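What follows is one structure encoded as structure tokens, with my remarks underneath.
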């Protein structure tokens, strides 16, 4: 087991962090918004945290504690998301998706051109403070939050806004506000995940948090099932594990198989692997069977 | 005084020539971005498919044309036809295999994810086909028209981009507004329900839209790879990223807007590099993008004319 | 004071005028009907009255209060609730969850209660479940509480939709074609339910093109065609009028144009195909 | 303003940290005992039969490798760019590594029954995949790791490997300062160093044509190329150029015609692209198409045969310094590599990349053989004792983990001909 963990530990760490990214993408989807923006916020957050750590280390001082960096990540991510939400959430759904992609492109250009702070193309080293346990703990806490969220007033609002925004509005739910909360919370999560990702890679260049990761986090969320928080986490694990598993057998042609697998899963399991509806159907069936047994 | 004045005059002339040269360079690359944005936007507006594999389809147009030119000595126009057909064929095949099965419960998200899958596959295949290299067309494929004055030079590929770009906008605009199939495409963009009521066969419409759009991507890939000496997988990825930007600036609901968006991005990019700084070039481009997002979020032409966003 | 006052209401979509200079009112405690052939602009009217859409000109007052500056989601506070022609269920949510969503405006917890497990939230959740169950009982669908809403038969979904609307505790309930796609039996059941609600003091505005249903149920009726009012009065007065008969006989004409208008209006999202089958 | 200047100081520090050590250790400033002792031991071995000079202890005579490994399988990790934008370099480099390992195993170099098992992982240029691969290697207790074509990844990987006391041989990343003994070594020749071959080529050309105006287009989002551009500017200024124009392009630029027009408008006598091979040859073509008549000096990326497929006869007259000339290998090793590559690839000449992979793998193998047990810690120790070895570049020596050409090595300047061949530049 220890041998296994030595080999695949880092893969799991990346998978868990991808899980956080996928959850932040999922939050957008939950409010009926296809947004790739959390990666842009993650980039901002990761740079701020990395820069703070760098200044400390270069001055020969001790780095800030991990908790501080996580906090900084969440605040920066949330703030950026909140500010940009006023522009982005005005847009129609198609434009919003495009505009958030544009935002990710913009984040890279900003990082490249603020080279005084970000190191530009050279990048900036990031001291690693996290352990696997930290990541698991964070993912656990976030999962609990999502669990609570789902059955809370806000969770119901999100469900309604996602499915029928007009109806939600006529039932008294402020659709824009719900979306803004979700968007901002996704930014907070994105910022958190960005700091973790930077610490895992231990080095930050503008491409560390870029379009590809944005697409992968959305894909993980949808692959795993974008209707309950378990889905994105499962999706992220699979999305990381499958290529790792295929690599020894397929070498570089693994990409073709990866892509085809993704298409096949989407075609045959359109609601993703984890679908709460399916669970409800099963549990109802079981209940009805039980009642039948009781009756007979 | 005389010689001084002459040299001053000559210098001004040179500056003007440089400006004209760079505007023309910008128009050529902008035309490529614009055509790509148009084809990308058409499929997005009509069917809600945000097809990230679209850039790679453009690359395949170039790869196929290069193959027939190198192996069978095809000339410019037959190779162009091959690029169009390859683009359209890949578009239609991927649509049938990857997008059609999702259509019953059509949603943008599902399409996006499958298009990511298609993208991954096409990139891997494209890299293998090109053996991970950058290639170019033989120089004798296209030697006309060539614009050369003392200070201005335009490669034949650039000139063809500038010719075919506007032609394709006008053609596509006329097809969409004046022909029965165009009306049907717009109707599908408007609402698939509406098109079902009016008895339009959605398969025909979908296939023509995909064919037109992916065929156009094939043209862009082919012409840009000639104009910019670049048959490679990154060519398509570059077109895709700039295509996103162009579509945000120009709007995807109207082919004219998308094309204009591409032109704006292209010209700004080249002039920005010349007169401001190569480092800030992208800052200018994306600054423009932010401005459009803030003040004109629905693109240049504003109101959505063709496909309504669903 | 009327429960609802509509004065000179006009709504244009681009070049199309869906509703033109329409005025009518609904008395408190009444069951009012808004009648017209398909595409007459009924749904556009109800969209504006429920705050989903804004009029191009004209005013809507609810219990004397002008609504021109009120945002869509705030209409609930004025005591307005509605149902939809094509029902608009939340996919993936159970029956009771639909009603819990309807209870949103009565909840006290905030976003921050939604992130950490806490007793306030837990208590409220339990209370809301009980409350939702009451509304399900009113509509006699409490035995289906845990079922997936979209799998229910048509008639039951309609009941659920009314339960969801009732959860907001409205004074005026707007019903957009409550019998669409129903047989005679189901229609009269719905009429029975509505009468019961009315007896408890709820004012109803029913939008319908099923004349029989309106004649049996409503006390005051307004007839519109092509967005304009033909006449209003008691059911007897209205339905004996030559004008109304003509409008109805010609109702098939331009039906496609009408559909087109509703598409333009953006209400095509989940259009019920059964509507257009005839 | 104070805050701003403080920031600048910090950035300076940051850059200094990145550029440390070897940027300033040019050819000819070798210090350690190896060089002195090497004077006595200058009989060069032939690597393919398994010899390299080892300095067992500082101050002693250089000796041949004479230890062997016990029978068994020794794992070596290899992180390669087999897909993605840089695969054009990664794929041939990987073939070089595989070729070296095949030779080592076939010849019994490590000892009787001792073989290398190569674990190859494709990172596609992504830092997270590369890191995952390195962790896998470490967990597999590999004797050493061959890796890193990209400088940004090299920094992160080196750190992880060093923390786990596993030696890393960087095969291609050229950012100054990456080699950090005892664990991090680099077998790519720093042609971009001050006074290095690129420096010399730029100065030679400026002097040959008495160039005053020089344009230096750079790939401004590639840190290695940015460093090269800085070096070039210094070199040409020192050689007498008075007007140096900097042009920025990006690795993924679709269109280089704007940059080409910009250069032509500046009317330079000399253009020195600090760019990757593909974009550089596209720029050369764009320049020549637009009537640029001046000289062009490139880097080794431009010498690759594949560039001719891009730029064709436009390349004629372009001069570039190379450390390995496939058309005229300087030793048996080089001839063997060229012969092997030609037979595998239908007669085409190899680029510089297979030789880079080949050298990295042999360097590691020599240290493994000399470590006595193949354990990462001992391999690292053995690596630090390698003073010289034979390579496709001729005899090379190691200084603080960085490969260098022998001081006596004459730089090779090749010039593209219109018929796709390359000849040695005649200095005009």
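By letter and in written order, the chains are A, B, C and D; residue numbering begins at 1 in each of them.
Operating definition for what follows: contacts are C-beta pairs under 8 Å (C-beta built on N, C-alpha and C of every residue); 3 or more make two chains touch, one makes a residue touch a chain.
Treat the numbers as computed from the prediction; the structure is a model and nothing was measured.
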Q) Counting only C-alpha atoms to place each centre, which chain is farthest from subunit C? A) D
Q) Measuring from the mean of all protein Cα atoms shown, which chain centre lies nearest? A) A
Q. Does A-C or A-D have the larger number of C-beta pairs in contact?
A. A-C
Q | Inter-centroid spacing, subunit D versus subunit A (mean Cα positions, whole Å) | A | 38
Q. So what's the Cα centroid distance for subunit A and subunit B, whole Å?
A. 31
**Q.** Geometric centre distance via CA averages, subunit D-subunit B, whole Å
**A.** 37
Q | Where subunit A touches two or more other chains at once, by residue number | A | 112, 252, 255
Q | Multi-chain contact residues (two or more partners), subunit D | A | 83, 87, 220
Q | Residues of subunit B whose C-beta touches two or more other chains | A | 124, 241, 279, 282
Q) In their shared complex, at which residues does subunit B touch subunit D? A) 14, 18, 21-22, 25-26, 28-29, 32, 124, 127, 131-136, 138-139, 148, 153, 155, 158, 224, 227-230, 232-235, 237-239, 241-242, 269-270, 273-274, 277-279, 281-282
**Q.** subunit B-facing residues of subunit A, complex
**A.** 29, 34, 87-88, 90-95, 97-99, 101-102, 105-106, 109-110, 112-113, 211, 215-216, 218-219, 222-223, 226, 252-253, 255-256, 258-263, 266-267, 270
(Q) Quick check on the complex: what are the subunit C residues that touch subunit A? (A) 50-52, 71-77, 80-82, 84, 88-94, 97, 100-102, 104-105, 107, 109, 111, 113-117, 121, 124-125, 146-148, 164-165, 167-168, 269
**Q.** Sites on subunit B touched by subunit A in the complex
**A.** 44-45, 48, 50, 52, 97-98, 101-102, 105, 108-110, 112-114, 116-125, 128, 241, 244-245, 247-248, 252, 279-280, 282-283, 286, 289-290, 293-294, 297-298, 309-310
Q: Give every residue of subunit A touching subunit C within the complex, in rising order.
A: 144-145, 148-149, 151-157, 159-160, 163-164, 166-175, 181, 227, 276-277, 280-281, 284, 287
